[in-house]
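In what follows, subunit A forms one complex with subunit B and a second complex with subunit C.
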Partner chain A sequence: MSIGSPDSTVGIEDHPASAEPERAKGVAHGKSPTRIAMDRLRKDKVAIVCATIVVLFILVAVFAPLLVKLEGADIGTFNPDLVDAYGFPVNGPTPAHWFGVEPKTGRDNFARWVYGARPSLIIAFIATVSGTVIGVVMGLLAGFLGGWVDRIISWVIDFVLSLPYLLFAIAMVPIVEQLRGGSFNLTPAEQAQIRFFVLIFVLSFFGWAGLARIIRGEVLSLREREFVLAAKAIGVPTRQVLFKELLPNLVAPIVISASLALPAYVTAEAGLSFLGVGLIEPVPSWGQTIATATNWFKADPIYLWLPVLGITILVLALALLGDAVRDAFDPKTRR
Partner chain B sequence: MLYFVARRLVSALSVVLVTLIATFALFFIAPTDPAAAICGDRNCTQERYNEIKKNLNLDQPKVQQFAEYTAGIFAGRTFETSGVIQDCNAPCLGYSFKNDRPVTQMIKDRLPVTVSLVAGYAVLVLTIGVFVGSMAAKRRGTLGDRALMSSTLILSSVPYYIVALMISLYFTILYPILPRGGYTPLTDNAGKWFAGLLTPWLVLGIYNCTAYARYSRGSMVETLSEDYIRTARAKGLSDRKVTYKHALRSGMIPVITIFGLDVAGSLAGAIFTERIFDLPGLGNLVLQSLETYDLPVIMGTVLVASVVLVAMNFIVDVAYSLIDPRVRLS
Partner chain C sequence: MQWKRITAVAATVMLAAVACGSPSSNSGSNNTGGGNVGGAQEKATDATAKGPAKPIEGAKSGGTITVLSDVTPDTFDPTDIYYVDGNQIGKLMYRALTQYKLDEKTGKPVLVPDLAEDLGTPSEDGLTWTFKLKQGIKYMDGTPVKAADYAYSIKRSFAHDLFSSGPTYQLQFFKDGGKYKGPYTQGGENYAGVETPDESTLIIHLDKKFNDLPYYAAFPMFTPIPQAKDTKKNYEQKPMATGPYQVESYTAGSQLKLTKNPNWDPNTDPVRYQYPDKFDFKFAQDTIKVQRQVLASAGPDASALNYSNLDVSLYPELKDPSQLVKGPGPCTITWPMDTRKIPIEVRKLIVKSFPFDSWRKVSGQAPDSSFPASTILPPAVPGYEKYELPGMNGLGKGAEDPAVAAEVKAELEKLGKSGFELSWYFSNDDPIATQVNQLRTQVYEKAGFKVKATGVPKAKIRTLTGDQNAPVNMGKTPAGWCSDWPSGTSWFPVLFKSDAIELGNSIGQLQDKALDAEIDRVADLDPNAQLKEWSKIDKKIMQDHLPLVPLYYSASAFPVGKNIGHAVNDMTQGMPEFTSLYLKQP
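Now for the complex of A and B:
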């Protein structure tokens, strides 16, 4: 077994220089920064309330079919008998339709709202995860390898950050639809599916660069530290240095960036759908409902307020939670 | 200094060049049939399709098409539609076969709207934001400061378009406390111009000034604790003079940087405001073009917006390096 091959580092892996010392039970020990942050978060009342709200929204999204079954309606059924000749709903909330029905189509408001939570959360989570992974990998590579790799990645970061993302999102939609045969030849369901992926792609494409820049800066200072030099000196392979030595030290910026990205993506998804660039029928989405509901807001305020409150409360809870996370992970606010 | 400017210029130009290539690739290489994409699905006749194909030389190699497109931007080109030759003067950003007009003309028509919107917004956001921020910094730690800072956090966490939409629906339409949004050219009727833009300005300005208040507060707190401020106080200068003449000057440097980028971003991204308040600006142009699949217009607007952003980035960087020499070293 030669020095430098992965096998020679088996023992080192278990005792990385950067990790906390091994603990004996019952003996006082130091806490890792992540532990400290989590402890502080648990004491933060605002954070707990916001986290509860977010969990509630996730539960609503996960159990959407069950909730709708409980009410006895479903998302797709048209009820022309419940709207009058001008399209206005005949009656308000009833036991059969808890929040009334949509104008014109007579579909159930509650069911559309409950299912509307799904795309918001799914798109935001996938975009956050993929944006974070790309950002971390790019930042690590640029910061650690340096040289021309760094120059290229930094240039790409600058490039992505200087593009107007809203306009690019709008421009992507017709192009991707055309690639799939033109909007005229697609069924609404196919078109909706394409929009779903375009949204995820656009959000992650424009989301990774900011994080990559932060990670690169952190790595630039970390790579000169003793534990990295030590790891390199005993022949730990680069990949392992990156992911086993450096990555644990980057938890704080990654968590902070992800916690700020989530509310931003929920906002962006609903906003793009509101503009008609994001999700479209038959997929229920809050942004799209808001756009339709503005035409009916005097006669049917509940139709507008449901998605408005949904987005506002979800984004507010996510943003305040993100702020609490940032405070908890920021060493400058350490008490 | 000169070296720094030159390096930034090369980098900015490289970004512009790649944006040009990227938009071209997006609209002319990615679609399997660009002529069909430009012509659109509905109301596209075979004649129109052939005409577009001939006009843009779509059967020629892509490199030649790109060269012609780029040449058009600098020197202009001509298009032939329905037998009539149309001039597209430089900077020619393409031709809208849907509207039978050069894209540059369409953008030029919409530009005053967006510029009016952004100019009023810029004045409002800077004055309110900086004023609130420096007031909070002076009274740091008091109840007022904390209340202000937490309320700005909450307001800025609510999505912008929700705030704008609700104000538009409830305060300009249902209960008309504020004038309804709309656009009248300044040269036609200055009063109507002002009234139509007042609500969008206020909404955009008050929503975004929260961020400015936070930046200027942070920056002012730092500046107010510097030695030279203490010196100024020790000399017996009045409190007002110390805050607004000595501290504000250096405290505003980081805020101005963000301001420059924000204004450039607003020119490209006032889409929500324009849609909600019914202002026929650039953002609305793009949305309308999306509805009719008028791709050359979208392409032209994306390109213009990107160039504005890159140019503003460059100006801010150079201006910043003039003010703060430490930047040049990095």
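Now for the complex of A and C:
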């Protein structure tokens, strides 16, 4: 294959280096696709609002101890005086308990809500990052190296995608507990922590395969492109070709997949905790709270609404932001 | 909700999770309210009661009553039934030698003859009991009931390997009880413990004196079973019914349909009625969902009921108070302490530190269905006499009060037991159990104890806590007890004698020879003389041995649909009395 097709002589003289088409006046020259996308994002009001919300949630999670201190409560203290003999909270929101207290235990709703943002976000972010890194590396290797590497990785991807993830999530917990010395030697806090890491592991383990498959496909089409061939021809080492030549061209699919994975993981964590196979007490989590609160929604609506709104707003913001990011990176969208 | 399913002895393992508290088991309301804990059962008997039972005013015949149950009875084989729900449902199908009739006004149970003509006559030495049998009784297919069938069902109850959930008093008290292995073994048809000299007499021989035999004879285990129809484990699919209803179809674990038994003769039965055409039991339902359905009483749900206590969270949805049936239950729930591992001084401090008030709320005890306990015997058992040892009335803040915490801490130091380690199991996949665990941990650590709580899956906790030698010193099972019949003999000898450890029934693992002797002495007394003595022993155990933290007495408060008539609580079981239900609009 030659550099440039035979009929592409027009314009080559004007732009010998890049062969870029002529641009209208005022458009900056040589902007990278990422820059263009960022510019577009900045003009997208929805994206800005959503990003702000997400940042707010992150701030809430990061400063949870501070916020709770400000309120003057904490997540673990039982306040049975604040619930009546049947377990119903005696008063609604008070200055001491901004969002009221939990039925039965009288623990502070606000504190548990604020702390509940932590596991959701930590799990979603870690799982997304690790899932993305693994997925990208696997996809790059499979697509670029081809041959038996490709066959093995593709097989692994298919294998992972065929595993039932819910069953896997349930089965992992006792196995990991066993590896850590059996449930008899673990404190409740340690057991809760194990659940936390198992959840991260399960989500990233099942998250990378889909991305790897997309990346592999992209790489397959990219690796025959001129600039890659040229880099190979002048003896650029494989690693450099992968990460310097190919990776920048894959930013769009990666960012899109990551931004869509984030809200999915938030929901997955809440869903698994709701079902009782995710996080357990004493780690506060929205999913768990929803599971308990559904029985109390008539008596103590705020108890249910807090985590529900938390999850809904966070997931909605992340999803819309993901959409905006996808649009921004897609050269075909015109606004 | 486990206690709903238990009556006692052999089934102790099942008692396990009780103290961890499940919300649905412990709620409701008492008609007397406040500190007055329902009416006590008196050990009343009426050997002259005759059928038919007095008709219920305004009762109508016809229709189908649906029972939506969250719990699933393990079996309906008469020999194997031991849990209260199995017992109560069994009462619709199986007639035994005796039966409890509930007093119209007070609801108190009176022991009356059922298939027997009398309540049995003991011989002078108390080792031989003679029951006269009613004549002309038929099974649902019209075949007559023979005296040999009664003898056979007693023999069958010794096949404990096969019917392992069933009651076991016969193994302890009946002649050769330890040796005889039931009718299925070689030579098993010959058993010296039971005799039928003629068609109207049943003679039971005992090894040990057993004054409560007439009460024991109310278990479905004593219903006649014709040997020719016995299909061992499959018998529950098509059992021979003598009661007003017979099995139409039974799908283990999910559904039991009962239909009228045409050969039941009301003139022979002083207890039961036959108003609805059918009963439809649906098991393994979602508690909250079905309780909500029953309360709403929309369409067919109006003719439905649920026999678990109403979940506390559903109280705001209870618009019509008559939809909640209340009454005392036969159980006391405790938190046992292993007396072998914890010195008595420390046990006293454990009780002193226990945060009763908070525990009741966190574990979901409703004030009027779970009464704070101060004794071992519940008020529903004769022999109960109310007493309160200082600081032990099932209420109080315990070491949640910083002053008490400091006091306990100082006393622990004085004893040289600072940082005494308390250990227990809890189920870590049950949110309420984990919250209760957090509460206890917080409070006891505040009081200067060290806490080692081990979280285990719900599915495993019964096996672990059921081990009398488990490596924990708190919360071993049985954590509560329900009387098999209204007498102290179904409590103290079973729970607090040294041999209870071996039998797996010990609360607190007491090993005290003097106490053993005392219990044996009282158990041998005349039933009426026992009453006073049991209450003394009750107090003595709590004072000198303190093997448990008394938590609460159970009571029933279950929801019924708006169309259900004559829904009453049977305090012998803490269950609805099914046989007298009817539909207001069939």
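Convention: the second predicted complex is superposed on the first by the 299 of 335 C-alpha atoms of A that agree within 3 Å, B and C clash if a C-alpha of one lies under 4 Å from a C-alpha of the other, contacts with A are read in each partner's own complex, and residues count from 1 in each chain.
Here, a contact is a pair of C-beta atoms (placed from the backbone, for glycine too) under 8 Å apart; a residue touches a chain by one contact, two chains touch by 3 or more.
Computed from a predicted structure; not experimentally measured.
Contacts of A:162 after superposition: subunit B is touched, whereas subunit C is not reached.
In the superposed model, A:282 makes contact with subunit C only, not with subunit B.
Between subunit B and subunit C, B touches the greater number of residues of subunit A. Of the two partner chains placed around the shared chain by superposition, subunit B is the only one that A:263 touches, whereas subunit C remains out of contact. Once chain A of one complex is fitted onto chain A of the other, the partner contacts of A:58 are absent, as it touches neither subunit B nor subunit C. Touch criterion met: A:311 reaches subunit B, while subunit C stays clear of it. By the touch criterion defined above, A:298 lies against subunit B and subunit C together after alignment on the C-alpha atoms of chain A. The contact surfaces that subunit B and subunit C form on subunit A in the two complexes overlap at residues 174, 183-184, 276, 298.
Touching subunit C in their complex are the following residues of subunit A: 76, 78, 80, 83, 85-88, 103-106, 174, 183-184, 186-188, 191, 276, 280-282, 288, 291-292, 295-296, 298-299. Residue ranges on subunit B touching subunit A, taken from their complex, read 11, 14-15, 18-19, 23, 26-27, 30-33, 36-37, 41-42, 153-154, 157-159, 161-162, 165-166, 169, 174, 265, 268-269, 271-272, 275, 286-287, 290-291, 293, 295, 298-299, 301-302, 305-306, 309-310, 313. Considering their complex, residues 23, 27, 288, 311-317, 355, 357-358, 360-362, 364, 366-367, 426, 428-429, 431-432, 434-435, 437-439, 441-442, 453-457 of subunit C touch subunit A.
If you check the complex, the residues on subunit A that touch subunit B are 155, 158-159, 162-164, 166-168, 170-175, 178-179, 182-185, 263, 267, 270-271, 274-277, 290, 294, 297-298, 304, 308, 311-312, 315-316, 319-320, 323.
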